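Following this line, the structures themselves.
In what comes next, subunit A is part of two complexes: it sits with subunit B in the first one and with subunit C in the second one.
Up next, the complex of A and B:
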């Protein structure tokens, strides 16, 4: 009876969930939920201590939040924002990436120089992989075969076999690599370097850096240009890179890897997420406590929405 | 462990990018940390008593960090921890040099640092991780020395920029009677001129060797400090130059006029503060506290940074050759990340590491200089300290 009721509830509300936006507020210890269509705040929900990385299962049924100071990943029902269960994550989970199939979850443990692999169904730790100092960025190839971890103080992108959990290549990049993002066809890997101020374009087949993208914004000090989050459209045409305290998002031509434009957003912009139709891109602005909404086609910021204290990560529910 | 080795081997076999070629035997990169403890007076506050492992704990974290990266590079790092007194420092330095260690991090006062640098000469590269004297970066600069610790001039400029931003240009300067107090007061005078502040009143606080620590503030100090600061010219702030730690800590809340205290007490410029959370600082503090079971002090931060510079040079050059590492560190190719929101680089005219300075109150970082409004044609960080045109350093 209970099951039927749950099912009915899900069926009834799925359309509304489709474009919901979840923003983790690092200092607020909560998640702000926005309606991806109306851009209105639906509610704010407690999620544990120091929430940072946030992602959602491909079927939209489980929302994962790195509760960094609780040393675990909390799993929520995105519909009700009730906590379903927790996953062991290893100490200080910061950022993670979900296998395209929805299992397992690869978690960067910032304080312990580890990547922890957790089975999202059995809730068991499958492996702990020693990586460089301060692991942060996590990416996965579209075919799910290669996991990328970036280590902020070691300054490397570690290539990890997603099944054997062995590191098979290390690529030295510029200072403080924060984020790793594959293009949808798997032909390019972008790694952002916060202090180096660059984005390394890596050929995943040879693990060689083929290009470094640098940034130059009139009137903005070079030291303030700190690339963090990166997202690329599924057709590979547009790469967006969040530039931290430069308060800009760079728009980059995905074919030439040349910067086309800089969009002014909120203060200290870090992470970003597309809506499933890629109409909008949401950015978290940690110092102005808001998210900026970018119209992807027009390459314009259309709105900013106040959220909680120090917004860190963002994910949008799938269709 | 076995798994780790396989992972490492797999890394060699599959990827073998030339940039990360590994060697059978790890390259060993050796350093020493020489701390010269001055048996002077204890600090005014018992909260400031240095721990036994002051500086060394920072070295341990740096070696851990370097070794973790070294696993992927085929490099292994070591730092011998040596304590000395001003009398035994030279002998210890001789021993270190005799062991062929080419990088020595020195935690000592200005004069001892200079003497040790001269003693090392060509044989070692010295990383000054404590001494702030401007002369060490000026007339007494040495080609074998890099200054990881910020200079007095940088500290004074960091404070001056903030005070000017606050629109508090009228300073009441109180300096102590020790030579190092005068050096700091001179740095404040220079900053006042540089940024357009006006020193409206100057007083000298004579160290008469009184019972400093027996009076925790409520007995004599409460009566002495108001009298000492009475009838000063109209001022916005007090700037205290008390490097010897004799009186400044007693100034806040005890002054005649209700004015904030800055400099050696109150709002204090520092290279590091354990409450710093910006720019990845939280995780850095966490890692340190887990290792050392205490909070990170400036000596720890500066020692960590010195050894990280060596590690960063070894990673980027893939070399363990001290000459190669030194050349790279002094080149314009070099930068290091130090949890201060931007890359840190060396000034080629005096080997001073450019770095933002934290302006701290008791429990917090109140601001970070350089302030946004102070611009510079080369690096905004060069608005702090002695810039190229004014340097007296000649290598």
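Up next, the complex of A and C:
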């Protein structure tokens, strides 16, 4: 009986795709697929020109890749890496965020100051939302009601109603905001500023900045500290911020928003993704052409895995 | 003609892009980082004065000299580091790191300065092309055009445009060179750090 139960559990927790890791290689024009358990490279697959933003549907059936130089989003079967279809994205899509339900997809168009909203089922553009200059970072509230876009040159986080597609608030943050990340309970919004070198902690209810996290790494010149990607554990306890050419990931106490440690990863650390169980955090290192694997509980780098040329984005398949 | 104009416009836009808190003369898409810092590649012991002295020891200096050469494949460099590490403690490993860094960093800084000069020269050349073009227009608009002068101006303009375009095409590679040095420094640091106790 016990054996059968174990078998049934194994079967339930190991579908074909469990914990596969997908890394977009901006210069290699491909995606490297890793096994999230063994950390071995499964394969490398062409995905169009200059792939950057990458995400996966909640059911794990569709992998979305911003093919920036093709001016569209390419959709792949994550299991076979065959292209299924494309989605219109507007010019130069860089980063996007998927509604928690899996539809629609909100895409930042860096060149024409728009956020394009695309229906992932009908493949139609639902809206084009004018935002600030050089829109870049995209985030969405856990309840799916608010989409955040950051504009690099206007230096704002725009709060967008995900249904009416109207901007209802703007928050001025530090120079060149790159990424927006909500805590899982929706009580905090973190916005990273690449040039400003800070992370703004915003209260989403009042749209006020409640704190600014700054970084100071012994032996590293301040201009090398460029916060980009950010991820927070679902219990809100640990926030990780990728610091670009400082080659470090900051570990931040999610309760106090104080920096606890800086982990040396690879060069030009850019975006990050957790495994579904949050055991590991993967970081893309654009200049050392590898992925660092961080043990989340131990707060240690456990491995670096060579991937393709200039890794940019990363997503892990859901369970 | 049109493509040169586009290039000139692109060049004019380049420094504006880079101007985000950086040097307006910087021609690369990559943000200008005049200096590397040791902490970007090293999380081992922080070097103190004693380690600085150790880094000047002939055996360590000679190894650093060898490791820094880009023609030495990384695999061979790693093997050299492993051999050194057999008898080296953390202080000596850190000293080797300092010695390597003190060689790569000035080389990279010199490169960065060179790229800035390259960018300035392109801006000057773009201005010269504009001036020549204005002169051509004036010569052509004359009541009795001096065709010899127009021909010579046209030939000079062709050359300037060709040089400008070729230099512009090399810019992507030129801008990549500091990254190549950073990659080398990082790979060596990782190899050295791997032997820390």
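Going forward, the second predicted complex is superposed on the first by the 304 of 319 C-alpha atoms of A that agree within 3 Å, B and C clash if a C-alpha of one lies under 4 Å from a C-alpha of the other, contacts with A are read in each partner's own complex, and residues count from 1 in each chain.
Everything that follows uses one rule, which is that a residue touches a chain if its C-beta (ideal position, glycine included) is under 8 Å from a C-beta of that chain, and two chains touch if they have at least 3 such contacts.
Treat the numbers as computed from the prediction; the structure is a model and nothing was measured.
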| item | value |
| --- | --- |
| Clash-or-fit label for the pair subunit B, subunit C on subunit A | clash |
| Touched partner set for A:159, first subunit B, second subunit C, both or neither | first |
| Comparing the two partners subunit B and subunit C, which touches a greater set of residues in subunit A | B |
| Partner chain in contact with A:110 - subunit B first, subunit C second, else both or neither | first |
| First, second, both or neither for A:264, with subunit B first and subunit C second | second |
| Touched partner set for A:175, first subunit B, second subunit C, both or neither | both |
| Subunit B versus subunit C as contact partner of A:223, first or second or both or neither | both |
| First (subunit B), second (subunit C), both or neither touched by A:133 | first |
| First (subunit B), second (subunit C), both or neither touched by A:246 | second |
| Subunit B/subunit C common contact set on subunit A | 175-176, 195, 221, 223-224, 226, 245 |
| Subunit B partner contacts - residues on subunit A that touch it in the complex | 92, 94, 110-111, 113, 129-130, 132-134, 151-156, 158-159, 166-172, 175-176, 195-197, 206-208, 221, 223-224, 226, 245 |
| Residues of subunit B touching subunit A in the complex | 3-4, 6-8, 10-11, 14-15, 17, 19-20, 64-65, 68-69, 71-72, 280, 283, 286-287, 290, 308, 315-316, 335-337, 341-343, 379-381 |
| Complex contact set, residues of subunit A against subunit C | 175-176, 195, 217-221, 223-224, 226, 245-247, 262, 264, 266-267, 287-288 |
| Subunit C - residues contacting subunit A, complex | 20-21, 31, 33, 35-43, 46, 179, 182-183, 186-187 |
